[in-house]
Amino acid sequence: MPEQPVTATSPEHPTHWVLTLSCPDRPGIVHAVTGVLAAHDGNITESQQFGSPTSGRFFLRVQVASGADRAELESALAPVAEQFDMTWSLDVVGRAVPTVIMVSTAAHCLNDLLFRQRSGALPIDVVAVVGNHEALRPLAEFYGVPFHHVPVTTATKADAEARLLGIVEESGAELVVLARYMQILSDELCTALSGRVINIHHSFLPSFKGARPYHQAHDRGVKLIGATSHYVTGDLDEGPIIEQEVERVDHTRHPSDLVGIGQDVEARTLARAVRWHAEHRVLLDGKRTVVFR
Amino acid sequence: MPEQPVTATSPEHPTHWVLTLSCPDRPGIVHAVTGVLAAHDGNITESQQFGSPTSGRFFLRVQVASGADRAELESALAPVAEQFDMTWSLDVVGRAVPTVIMVSTAAHCLNDLLFRQRSGALPIDVVAVVGNHEALRPLAEFYGVPFHHVPVTTATKADAEARLLGIVEESGAELVVLARYMQILSDELCTALSGRVINIHHSFLPSFKGARPYHQAHDRGVKLIGATSHYVTGDLDEGPIIEQEVERVDHTRHPSDLVGIGQDVEARTLARAVRWHAEHRVLLDGKRTVVFR
Amino acid sequence: MPEQPVTATSPEHPTHWVLTLSCPDRPGIVHAVTGVLAAHDGNITESQQFGSPTSGRFFLRVQVASGADRAELESALAPVAEQFDMTWSLDVVGRAVPTVIMVSTAAHCLNDLLFRQRSGALPIDVVAVVGNHEALRPLAEFYGVPFHHVPVTTATKADAEARLLGIVEESGAELVVLARYMQILSDELCTALSGRVINIHHSFLPSFKGARPYHQAHDRGVKLIGATSHYVTGDLDEGPIIEQEVERVDHTRHPSDLVGIGQDVEARTLARAVRWHAEHRVLLDGKRTVVFR
Amino acid sequence: MPEQPVTATSPEHPTHWVLTLSCPDRPGIVHAVTGVLAAHDGNITESQQFGSPTSGRFFLRVQVASGADRAELESALAPVAEQFDMTWSLDVVGRAVPTVIMVSTAAHCLNDLLFRQRSGALPIDVVAVVGNHEALRPLAEFYGVPFHHVPVTTATKADAEARLLGIVEESGAELVVLARYMQILSDELCTALSGRVINIHHSFLPSFKGARPYHQAHDRGVKLIGATSHYVTGDLDEGPIIEQEVERVDHTRHPSDLVGIGQDVEARTLARAVRWHAEHRVLLDGKRTVVFR
């Protein structure tokens, strides 16, 4: 999780905070954390927890309304966090996460994300759209978002990725969404942006990894097609899965039909993954995700 | 919630407890409860909570492994419960809830519940099957469950219900499941067994209340049919909904097809509602339910 | 079904035709129709039929590639149609149906329909957007569609509807889509446009007719919310249902959450209904629809 | 498709026939077939067709009520079948297909199939249950079906398969259902019973082939688990897929939970595949299936 900016609050206007943490599981974690929150007149409005039997780690997500400001909460939570060896983050509920969306030529995911942002259904602030083609510039500009054309060839890939990283850093983006971006990120970039890049793969992973998954699905004669949204790691199509969805198809469907049907599923699946990430509902448990929906 | 029997435990073998409670919402509830649990070396394995904005009530379900016995936990929790004006119950996770299943002639729900109980997928102990017809006696007896034939006519309804209530009381049943039982319970019986009777209605309520819902659905030309499992109250088909499910249908389906398709949905929906009830995952919030799935 | 324009074709370039018909059911219909098509070197690529046991009517939809032109096919089919007392229509597969979309302030359905049209997923040609508010003008204009602001008050309703009817007639629209248009059409307009107006109702009809269905659904504590797309008749929310869809919700959802969740379901449901209508897959069987998906 | 027994019929009582066929696609097939049916006073009640663009084959399934008997229809259809080089079969709608079910120790699929047969939801006649364990004998016998215990070890596999083939032949079974049978059939047996063996695999193929698919699914952190019913070929888990279904899971589920959740999906998926096969709704198009649902 990236650093969160400091948010101003005042005792007169309680802020709605979201606290997420993970740590080795042992008794007393919830009591300790809720003790800190109660001491700051915190009213817990939502709370979810999970003890992972495979990793032995404990995960907690709490929404709490409190008049305390960030500094007070952080200094009160710090000793508890140290005592239990926690990885943790504190944010304001509903804060729009600065986001860069990367695209090629397919518009459906970009259109869906921009529309949801505008209608208030997605707590992100799209600060830039980056395309390796010009095709989606008008759509981005209709929504008032700067569009950067960053073409990629084998020869220019390193430069293009440097420019992308520059855009991310200058724009203050905390999240990068690959919205059917048809280039593979280098290991270096995956590492630099680790945990901050969400991709949509157009198959029900681990089925049909790699290219042309709908054609693979058609060849195999599957009766459901799907999409998978996952964090990007250096290991292609193997990153931790955030969300998956399927749609029924039958023998009458050509591969090109599957592409069309799949677009709906892709857009829905990606939008959910992005929303849950932006709401701090997704925590990493090794190669798996904990999703507090 | 009915009284729970006292369960023996020992410090050497921690018991896995499930605590559920509801009370007027105010700060400090979770901290107070987790404090009691921490003081008894309780390790929380699952916890869910909800503050209802419509009723102003707070709901909590906690699973906790603790070496403390029931008496210790109850006496430690009692002051907190009093302080916050809680309705609460404490049970052992996985205890099979003594259950009476009531049937007429349709076998699908009974078959499903008995099979799930035997395969360990449903924490109930079916202590009796009561039928107003003899048809399902062989099925009950195959699973080793006593079958009581209690026919009902207008003239004998009061006697039949008295006999039913006798069976419930003598068998120690805490739950009554109406598994396509085609008689309407009297207001008196509904009151006597309030919160302990689960019904399956063969429509997506509130659509198609009353008789022959699949025929009503066919007449209206709906594209999805459904089933609704709910607590029984004196107000027919208006009790709090626990679970609903639907299945796609099309114009080719006769009402008799809908009946067949619906049987799958009914059985699944009822099984889920019964399991969640038996696992203390369903709490009442006025006319609505809180379901900690 | 409205009149279809004559489409030019030539023997060298076979046209892909779609023929739909309904008539009283009796033996020999398919053989007679396929005989006409075979006599014109027609290659049937898709065919669906249904004999309705409730109405006694037979329904057929055939897609056929043939070098014959419209006049030849129509004059060859006419005697068969007369013999069997058919209601029938002939169109070119994939022809974009001229469509007027009516809106108020909610953008999700309009955005979805316009995006699908542009990406080629919906065989409609949106010739005008009519809004009783100005809010959605920019969206319509981004897609290059003329926007007409036709405000409606009780006093001006008759004039507004006359203007609407004028827009439909002048634009040559064959279909009117109410994409969350928050005005009730008069009986006169419903009659004038009978079978050509599709609405999206934001509930799983027949549950929660009328206003504020998500609030009704929340009050009743349902576990699934839905949307219904139907032809508009003078009988509000009672027109023939084309498509329905649901989405799971739980106790944590406020009515405002349901509104947001419902928007996705509404847009998807309406898009499917519009596509099936535009592809001549929806035929009326009294108050019910036959949908050849 | 196996040979169908001759079924008696009389002109006074029309029989409801189901005709399925496939052949190289070319114009005139439907007209020729419906001509034969019309000449025998056939009233078509259901008809579905499909031209496969990948294989170039045409597939047809027709239900037709006719007073003609099997011999009359067969001799009238034979010339057409020869003309178009058809593979075809003629059966009586609803005839119960003699079926052998093979099991190991898991009861859920067997219970589901036997219950559906008894309740009339599945047009099969289970003539024998074969188990490599004794565990499911009581369940088979409750439904009045002979149970054969045929244990399998590496040393006895050939003998066991010979015995199995003997049971299939002596019982006149046309279909063999592997209802969580935990032995792999030899290539010889797969060939001998080609197109007549349906398996249920407990994953969403092609994900998680082979053993312990739910553990594989858990390790990968998928958000949906599934089941796949397919024809058995010598190529393990690669046979033509008939039906697939999924169910949502989340991070809280242990592999053992997935097994339990999966049982419902497996039973439903297998029951659908068996029903469609028994109703002659499944036709083979190379490695893919055409399913006329």
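The first chain written gets the first letter, and so on, giving A, B, C and D; residue counts start at 1 in each chain.
Criterion: a residue touches a chain if its C-beta (ideal position, glycine included) is under 8 Å from a C-beta of that chain, and two chains touch if they have at least 3 such contacts.
Please read all numbers here as calculations on a predicted model, not as lab measurements.
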>> Applying the document's contact definition, name the chain pair with more C-beta pairs in contact, A-C or A-B.
In response: A-B
> Among the chains, which one keeps its Cα centre farthest from the Cα centre of chain B?
Replying inline: C
> If you average the CA atoms of chain A and of chain B, how far apart do the two points sit, in angstrom?
Replying inline: 37
>> Suppose each chain is reduced to the average of its Cα coordinates; what separation in Å results between chain A and chain D?
In response: 43
>> Going by the contact rule already set, what residues in chain D reach two or more other chains?
In response: 46, 252
>> Under the definition above, what is the set of chain B residues touching chain D in their complex?
In response: 46, 107-108, 111, 115, 119, 121, 138, 142, 252, 260, 263-264, 268
> What residues of chain B sit close enough to touch chain A in their complex?
Replying inline: 26-28, 30-31, 34-35, 37-38, 41-49, 51
> Residues of chain C touching chain B in their complex?
Replying inline: 50, 52-53, 204-208, 219-224, 226, 240-246, 250-252, 254, 285, 287-291, 293
